[in-house]
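Each of the next two complexes has chain A plus one other chain: chain B in the first, chain C in the second.
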Partner chain A sequence: MSFFRVTLHRSAIGLPERTRGVLAALGLRKRTQTVFHPVSPQFAGMIMKVKELVRVEEVDRALSPAEMRDERRPERGFWLEKPAHRA
Partner chain B sequence: MFGFGAFRATSPMSGGLLWKIPWRLSRFQKARQRQRLRAVDSVVATLDAALAKRGESLKSLELWKETMPTEAEMIPRDKYTMFDRKEKRYRKGIHKLPKWTRVSQRVNPPGY
Partner chain C sequence: MSRSLLRSVLELRTPITRLPPSFLLPIQARRSLSSTTTSQTPSSIPATPLDNIAKPAPAATATATTTPTGEPVAASSAAAAAAALYPKQPQTPTTLSPESAQSIAQLLPLLRAQPAHYITAHIWGRPYLVTAGDQIRLPFRMPGAVPGDVLRLDRASALGSRDYTLRGAPYVDERLFECRAVVTGVETEPLRVKVKTKRRQRRNKTVKSKHRYTILRINELVIKGPEAIGL
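Here is the complex of A and B:
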């Protein structure tokens, strides 16, 4: 079972009520928010309605909020690019 | 010719009065417009590929693929301008369309 990973890229401010209703139905409330929906014609049709506003990927499984946070987290520690000159 | 910094050849620098909505897009606006067109194309392609894998189809998706050209197939005229019956030569810049960065406007009446 695969999922659509839908991210709201452009805001729907000033767009018709119908368009904002579709975003609400998809569960998108603010920019850069990401939601997962199963691949089905129903959800594809909803995404099609707001295709100018979202970015979509097909993924194998829905990530939990904790996993999405881990995705954004930078790697721990640091790299020494060049040894500092020490006298 | 296309320098950077304070003396680059942009529309406001090369002409006089340009503080209103210009009659045509700048090359940067055109580049961003192409980017947006490609973004929509990629969303449509993703939906199509995902549904095709499951052997499903969608009427609105099929209609889009049938009627709408992709960014690469569009002629520049249609990317940056649109039909308007009140305009001289029946064309105006696409940036005159309300919310033009967030709506799709790809096809124009045949012959115009």
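Here is the complex of A and C:
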């Protein structure tokens, strides 16, 4: 089962209540927020209504918030080769 | 006042600040500097850096030297827990284009032949341009690290000597270099006092903060030949 990865890219300030309602139905509250929804005609239609505001990718599975945080985290860049003696 | 006095005394004591300015130093000065500072390091890794410098060790011998150092670690459980805190993260392999493979095979021996090397190592995504003997203050306190821990820096965006630079996209292959840093301690910043005021209220609130930062010393930087990645 594949998912839409929807990120709100443009704010909905000043847009009609109808458009804001679509974003609320998608679960998008603020810019750069990302939600996952299963690929289905309902969600495709909702994304179509706000296509100017969001960026959409199709992914294989929905990521948890922890996984999305790991995605953004830079590489550590070191590893502990030889620990000192600890008391 | 007393802090600046103390600092000036400390600076007088360190030999580095008493050297003439860098344009008066000979070109080889960085080499001699690094050897003096590495001699100050605790004798935690006895002869391995010298061995590695003396012979161009391929990747196989490098793994052989690291495994015996790993064994006494398992004796204490606290040290093992610390090693589990920062395990090795393998680099995602990238295929070299034929042009870059050829330039590495041709130019990396020239880079190695020049004496002093630098590395732009990345720790948590931030670059640190260092050479052997340098001391760096990380902008954070590294959790779980105690003085004497040997860290192996394995992400570098650039390796270089005086005339040559090997740049990675985004990182240089970790088999091409060995860079070790020792945790030397924790430093604190001067107490920061921020006065918070609110409107129509008579009192101010002072917020104090005093952050701690981990200090590392780069005690080894070895650049391997192109044979380390099979060229």
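By our rule, the second predicted complex is superposed on the first by the 77 of 87 C-alpha atoms of A that agree within 3 Å, B and C clash if a C-alpha of one lies under 4 Å from a C-alpha of the other, contacts with A are read in each partner's own complex, and residues count from 1 in each chain.
Assume contacts are C-beta pairs under 8 Å (C-beta built on N, C-alpha and C of every residue); 3 or more make two chains touch, one makes a residue touch a chain.
From a predicted model like this one, the values you see are computed outputs, not experimental measurements.
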Which superposed partner A:47 touches (first chain B, second chain C, both, neither): first
Touching partner for A:79 - first (chain B), second (chain C), both, neither: second
Which superposed partner A:10 touches (first chain B, second chain C, both, neither): first
If touched residues of chain A are counted for chain B and for chain C, the larger one: B
First (chain B), second (chain C), both or neither touched by A:27: neither
A:38 touches, of chain B and chain C: first, second, both or neither? neither
Doubly contacted residues of chain A, that is, touched by chain B and again by chain C: none
Sites on chain A touched by chain C in the complex: 74-87
Contact set on chain C toward chain A in their complex: 44-45, 66, 69-70, 73, 76, 78-80, 82-83, 85-89, 121-126, 145-155, 171, 180-181, 183
Chain B contact footprint on chain A (complex, rising order): 2, 4, 9-10, 12, 14-15, 39-41, 44-45, 47-48, 51-58
Chain B residues within the chain A interface of the complex: 36, 39-40, 42-44, 46-47, 49-51, 53-54, 56-58, 60-61, 64, 99, 101-104
